[in-house]
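We just call them A, B, C, D, E and F in the order they show up, numbering each chain from 1.
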Amino acid sequence: MTGDDFFQPVSGFDLPRFAGIPTFMRLPHVGIADDRAADVDIGLIGVPWDGGTTNRAGARHGPRQLRDLSTMIRQVHPHTGVNPFRLARCADLGDAPVNPADVQDALARITGFYDQVMDLGITPLSAGGDHLVSLPILRALARQGPLGMVQFDAHTDLFDGYFGGFRYTHGTPFRRAIEEELLDPERVIQVGIRGTMYDGEDIAWGEAQGVRIIMIEELMERGVEHVMDEVRERVGREPTYVTFDIDGIDPAFAPGTGTPEIGGFTSFQAQRMIRKLSGLNLVGADLVEVSPPFDPSGGTAWLGASLLFELLCVLATAREAAA
Amino acid sequence: MTGDDFFQPVSGFDLPRFAGIPTFMRLPHVGIADDRAADVDIGLIGVPWDGGTTNRAGARHGPRQLRDLSTMIRQVHPHTGVNPFRLARCADLGDAPVNPADVQDALARITGFYDQVMDLGITPLSAGGDHLVSLPILRALARQGPLGMVQFDAHTDLFDGYFGGFRYTHGTPFRRAIEEELLDPERVIQVGIRGTMYDGEDIAWGEAQGVRIIMIEELMERGVEHVMDEVRERVGREPTYVTFDIDGIDPAFAPGTGTPEIGGFTSFQAQRMIRKLSGLNLVGADLVEVSPPFDPSGGTAWLGASLLFELLCVLATAREAAA
Amino acid sequence: MTGDDFFQPVSGFDLPRFAGIPTFMRLPHVGIADDRAADVDIGLIGVPWDGGTTNRAGARHGPRQLRDLSTMIRQVHPHTGVNPFRLARCADLGDAPVNPADVQDALARITGFYDQVMDLGITPLSAGGDHLVSLPILRALARQGPLGMVQFDAHTDLFDGYFGGFRYTHGTPFRRAIEEELLDPERVIQVGIRGTMYDGEDIAWGEAQGVRIIMIEELMERGVEHVMDEVRERVGREPTYVTFDIDGIDPAFAPGTGTPEIGGFTSFQAQRMIRKLSGLNLVGADLVEVSPPFDPSGGTAWLGASLLFELLCVLATAREAAA
Amino acid sequence: MTGDDFFQPVSGFDLPRFAGIPTFMRLPHVGIADDRAADVDIGLIGVPWDGGTTNRAGARHGPRQLRDLSTMIRQVHPHTGVNPFRLARCADLGDAPVNPADVQDALARITGFYDQVMDLGITPLSAGGDHLVSLPILRALARQGPLGMVQFDAHTDLFDGYFGGFRYTHGTPFRRAIEEELLDPERVIQVGIRGTMYDGEDIAWGEAQGVRIIMIEELMERGVEHVMDEVRERVGREPTYVTFDIDGIDPAFAPGTGTPEIGGFTSFQAQRMIRKLSGLNLVGADLVEVSPPFDPSGGTAWLGASLLFELLCVLATAREAAA
Amino acid sequence: MTGDDFFQPVSGFDLPRFAGIPTFMRLPHVGIADDRAADVDIGLIGVPWDGGTTNRAGARHGPRQLRDLSTMIRQVHPHTGVNPFRLARCADLGDAPVNPADVQDALARITGFYDQVMDLGITPLSAGGDHLVSLPILRALARQGPLGMVQFDAHTDLFDGYFGGFRYTHGTPFRRAIEEELLDPERVIQVGIRGTMYDGEDIAWGEAQGVRIIMIEELMERGVEHVMDEVRERVGREPTYVTFDIDGIDPAFAPGTGTPEIGGFTSFQAQRMIRKLSGLNLVGADLVEVSPPFDPSGGTAWLGASLLFELLCVLATAREAAA
Amino acid sequence: MTGDDFFQPVSGFDLPRFAGIPTFMRLPHVGIADDRAADVDIGLIGVPWDGGTTNRAGARHGPRQLRDLSTMIRQVHPHTGVNPFRLARCADLGDAPVNPADVQDALARITGFYDQVMDLGITPLSAGGDHLVSLPILRALARQGPLGMVQFDAHTDLFDGYFGGFRYTHGTPFRRAIEEELLDPERVIQVGIRGTMYDGEDIAWGEAQGVRIIMIEELMERGVEHVMDEVRERVGREPTYVTFDIDGIDPAFAPGTGTPEIGGFTSFQAQRMIRKLSGLNLVGADLVEVSPPFDPSGGTAWLGASLLFELLCVLATAREAAA
């Protein structure tokens, strides 16, 4: 329980939500080199980069719109009563450095930033960017060995390559992560997979590695409670990462994304699934693929910001439990 | 059963829906001072005012867009077979007078208008405007004592004050209404509450007064049928008001509102809940917080207009039962 | 099983989805007079015409936006594993000729085109256009006698006339089709009907002919599995047409249509219902009323394109079974 | 000079502009059969019909959006000081009856309505609708012989037929009007013509009849003052109609129209040209082709409403001069 | 000439423009109570408040969208070569405190903030908010006596009251400012006035006080150079404030505002007029009425941000000259 | 003069403009490997790639939206009377192959495609894509030595590198092209340059090479006629390329682009400038930076398509002159 007022968000009772320079959830902005960075428990970080996008770009603008909409977040979780800002010292660490002109350089810069985050002992909660940004984050986080991962998504992102063997796109991060032993495939579980397939090779490869893939039909039939019990069991008590691709949610709720797939789960189901992660040994999380040009209304970003709050609550709980 | 052709809406079989000056549901416009006002049973009224909005304004434009879209409403309810225009003489009474430049003056003007409505014995069905408009309406309607109220909403609107003690905002109307004894808190029930909380003081205060607050999780688990049985039992046979904040519905269905909260109920659930109000002793209803600037497509207003029709059906049924 | 590479769609692994001239699902464009037309099993056809629209026009632009979005479709069905492009030789036959300046001439041109399609033995999968386009299509398809029909829709489209007896609008096609004995009313079943009614005459007439009309409330209560069992039983093993009006789906999912009705089924339910048509004796299908001006974002067209793929899978399965 | 308060618009000082049921310029709604219709000098009329549109439909929704935006019009012209509501008794006569399902029936209904307008001695100021609506209006107005006409437009609308001889579209009204001797071609002048041409036959035909066609290049080079001097001279003192197609203005200013052409004149130039019509013997005017689906923001309708006010000022001046 | 790197904006060569927490022009955020505030020469300040708006609200969201778009501003003026960030130490001072629930309290809070700005000797460049925000700013700035003012605007904002005598709206600030002797009317000049008028009382009053009002027609005829010579002469060498209402510019360029008027000046003309202010004794400036809900694309905010840069250049030049 | 009907566009008199699969200007699609490719004089080519974009991506979607809107182009130029489809055999060659996942590979693929175009003797008229696509095109076109170039643009695109030396972005193509001796800098002239500058190094470098840079102020003061005389003189009779960045035009006319700069020239001025290129020895042209996500309305693409037609006319004239 933190009593440090510096790390408390500005209340909408004091300053209207539309006022002020928009940081994530109206938290203080603490640069990675600032003195106060050493005090931060959980850092909210933007990764404004979509250089891995094979289809419709725009997720580079995600962090800014997410920050904007996140100023409508208040302090306390309505269902669990958790106040993450009291459980942990949270701050907006700004954006990771990126390079829209070169994929490999961008990946290196991002990993470099997260290395600093790890050195400071900060749990990162990241906002993409396209899904390839999870790879350089995992490269920094998996220092002590492969992680488990819970992935909410419409796509496996387990492809091998595009356009004649290009291996670094937003459709390939977790194949790379498994190859690089950043993830333990037996502890990777994907929820919500759907959409027309190229040939199914991604699924076949993933399952051969031991990845558990839960298609949307299975999710709908078993229900989120049942499926999340399996998720919890599979990742167990070992360190686990959470990655939430906004396209896991049905495009009626999340139109602002580059590769939507119809027939997804609802935002209410998303909330319930994230809440069921409480108590796991979570070492970080990200929310990716919010693409403002495809939803200038900000509705998708508001959904994303609301899910970042849900993720923050389970991360803060995990952080406190580990303390 | 009314046979007065004057009060029948123009049919889409005769005049295309996009034609004609848009009144609510293509009803005749009857000014409050017109001779025919004395014949009106149910008056549809706009309250184009959002001076109580602490966040994103725009609900002042609600009545106009609701009128526009409401011209797509036909005459007969598809499920119950009710034709409200045959059960009661309905008319568009125009807009209540407002003042965007002064909160207290606006409240006084609105109450003044509804006093006239009450003098004429008209049951009002109102379209906001932000949720603060319910307060001046209740001031006119609760002449004979505190009313019961069914509230569909994401927020309790039971806060005490904002920005250092300012007590008249769209987050405070029902605290004021209970304090002013316009509502009987034991007969107030709120359905669909959710979203991040400031500190929960609003809920604590409301429950201490006896207000029944049904969070979204409870609604989803028990189902709308079960919850509505409780609603009916709580408000009983005494006079009851219905207030429907469009943000009660999930923002995928109702993006055009100032303070959306993800994870809400669907429009189908909304329809079913309103239908379950049939048979109650209803003395008026409103639908608020449709904010056109946040949904220029009109989809939210179409949803709102469709719910106004659902509300009209239960009001007309109540009116006929009382006759 | 076809091995003809000419008829294979371009893969997103080879050419990015946003590249190339947009044909339906990136299939080859084969004109009705081209030599290769004789080889086509299933033809995707646009009918860019909305001259039957009584309310908000725009469906004339549907085929183009559907083609655009359909380039995001891949090859294999994620749930059934069907690859329709291997089961049947599919092609984009372009658009049927139309005339926005004259209703009867337009109907004649469309039927003329489908007569050619029938002469070539091609199974048509059509994209409207407003719902009146189903009538001239049925005139060509019902050569051998009345067809059965499964209709997903918010409206019966069984009205007699508008504006004083005008009998050819998008609200009347199936009354005309039954009168012209293109459809066997005992084998016509409508799913998802809802929305305010004029007077119910359409339903009464339809039911008197033997049409089975399943209102949305019945669908929601019985569930899609149960309802689809009845659908299958009713149409039986005889030749059957499928017509999918996008407004059957809830407007949160499909805002881009001219006459939306709230409280509809979800896109996931739509997918499951179409899949349950597998094994029927299907002779053609259409998807109508996607209206781009009311959803420039393309979300509705993406939903429509995804449902065209679902329809293509059941048509290809039927075609193969018949071969 | 009229002192009749009944015909004064509601002031924005009294009622906010966004409040109230939207009539044209907040004038009283006077039905053509109302007693007060006989007192009206100038009638604002909507013609919500676009059945002549060969390209992108939507102008059927023009009158409603124009009414909505026109509530931001005040009373006095800023440059000339004219208050048209004091010069003439103005009223909103509602919409002419239309039929979206049949072209010839629609034309007949519109002419029938304008016959009544003429019988009452009312000068009509009409809001389309597509440009074909000018034809049935002219059929009623040219009772006493062919009229002169000033046309602001990007297109001549002098074509003979489309799609194989269909002669009634929004590209043909003035060829029909000249053939029917509703217009005197020697007193017809078109300003702003541009855009790629089919083959120039329309221009050749028009010029052969004596129509004066001023292309945009000539307008830009000579300047609006100079060109308008020629306009005034050509139409002279005889009865003259004014038709303003919003696509005459550059699409940066007027994107909401079906057939935009780049490189047009500005809204400021439009204002100045209309003002130069003052003193002519004007018998009516229309503004057409505002298509809300292509500009939901309402900016084009606001431009259109502002030009309707400019037209109203010159009509009121002409009306007073004739009195 | 400042060499203080702390006050240099982040370059788009180093960090992509879409990255980073958005401050005005990527300047450092310096709170009014921060130690470094004493070093600031020019402070960019947001005033997110539109409580004075009588028509369409939304300008409360202006500062945030202006900050967002202003991150596309680079360092050097292309025409004059001025680098304002080298001439003066510039910083983003955040937003002034506001209260959307009470007009008088909001005005007091804003003046209180600007009193601090003045105490620190900072020249304020403000971003509204609606035009009423200029009044509380002037209350702080006119400490030493009435100021001159150059106003670019479509409206005089010299009205006396609305809705029956309410005197504090965005249509009245400069009448109040003249009454309160914050402005010297002989040194107030308004450029671009147009739009339909209520009755001209505002202009008559202003001119009676000595205010010089240049209507748009005069501006267009004389040209911006000529008019600006008069502007410079009128305000002379005494302290002068600049207020730029974005609705001065034609709505084709600036659609995102609450009360647009067609026929305005272009953005190029706006740039040239501001540049002609160079060398005047400028003590502050504001840009108001950018209303994001009416232009979610951000085009109007980008125009506004670009004009803020133009204003910054002339303020920095004035500040340096005064140093 | 070509009489080959195969190469004639489909007329809007025969098929409505919204019908049919959209190729550029409704021309036949001729693959680069098709037999008929050898007959093509001028090839319209899409380059759907924006991998060089440092700011807001989206131009990858340009070719598709340009094709869509270009179906509204007719056959004959309204001012010059040129029918380019009669002067030259024109065809849509489809899209050049691209790779969104790798910059250098993409550049190589594009040059490879244009090498084939050159081998066939086809004059290319290309639609981007971001401005970096001009570089690989020039690599193929400048086979016989450096070309002259007329560039309409807000930016010089003469920068050296971004983000620490990355040399291939849409801000650097012409520096690379001059370094690679694809362009003769003495015959390169840039028109319309404006917008805030980093430090002016790009201009200094360009002028040092001999590039003539005409800032917007000079263009506005001298007028387009005068400036274009200089352009014609500078490039002379030697082979010359034309590149038109849509952001050269003011964002009121062309909002759909990634890096808009206010205060640009109008679309009418753009048309006149292109027409003044008639008679030059033109070997190809491109139009780039149309970014659909920033203008879903298609207005910018319509402007772009209209300018492609203007460019086609001068290319066809040049081609015929050379024949």
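Criterion: a contact is a pair of C-beta atoms (placed from the backbone, for glycine too) under 8 Å apart; a residue touches a chain by one contact, two chains touch by 3 or more.
Keep in mind the model is a prediction, meaning the values are calculated, not measured.
Student: What chains, if any, are shared contacts of chain A and chain B?
Tutor: Touches both chain A and chain B: C, E.
Student: Rounded to the nearest whole Å, what is the centre-to-centre distance of chain B and chain C, using the mean of the C-alpha atoms as each centre?
Tutor: Whole-Å distance between the two chain centres: 38.
Student: What parts of chain E, by residue number, touch at least two of the other chains?
Tutor: Where chain E meets two or more other chains at a single residue, that happens at 16, 18, 54, 56, 60-61, 99-100, 162-164, 250, 252, 294, 297.
Student: Chain pairs in touch?
Tutor: Every touching chain pair, ordered by label, is A-B, A-C, A-E, A-F, B-C, B-D, B-E, C-D, C-F, D-E, D-F, E-F.
Student: List the residues on chain A that touch chain B in their complex, please.
Tutor: Checking each residue of chain A against chain B gives 11-14, 16-18, 72-79, 81, 250, 252-253, 266-268, 271, 297, 299, 302-303, 306-307, 309.
Student: Under the touch definition given earlier, write down the residues of chain F that touch chain E in their complex.
Tutor: Its residues touching chain E are 54-56, 162-164, 193-200, 215-217, 220, 250-252, 255, 259-264, 294-295.
Student: For chain F, which residues count as touching chain C in their complex?
Tutor: 15-16, 18-23, 29, 46, 48, 60-61, 63-64, 67-68, 92, 94-95, 97-100, 296-297
Student: What residues on chain D touch chain C, complex-wise?
Tutor: Interface residues on chain D, with respect to chain C: 50, 52-54, 56-58, 60-61, 99-103, 105, 162-164, 166, 168-169, 293-294.
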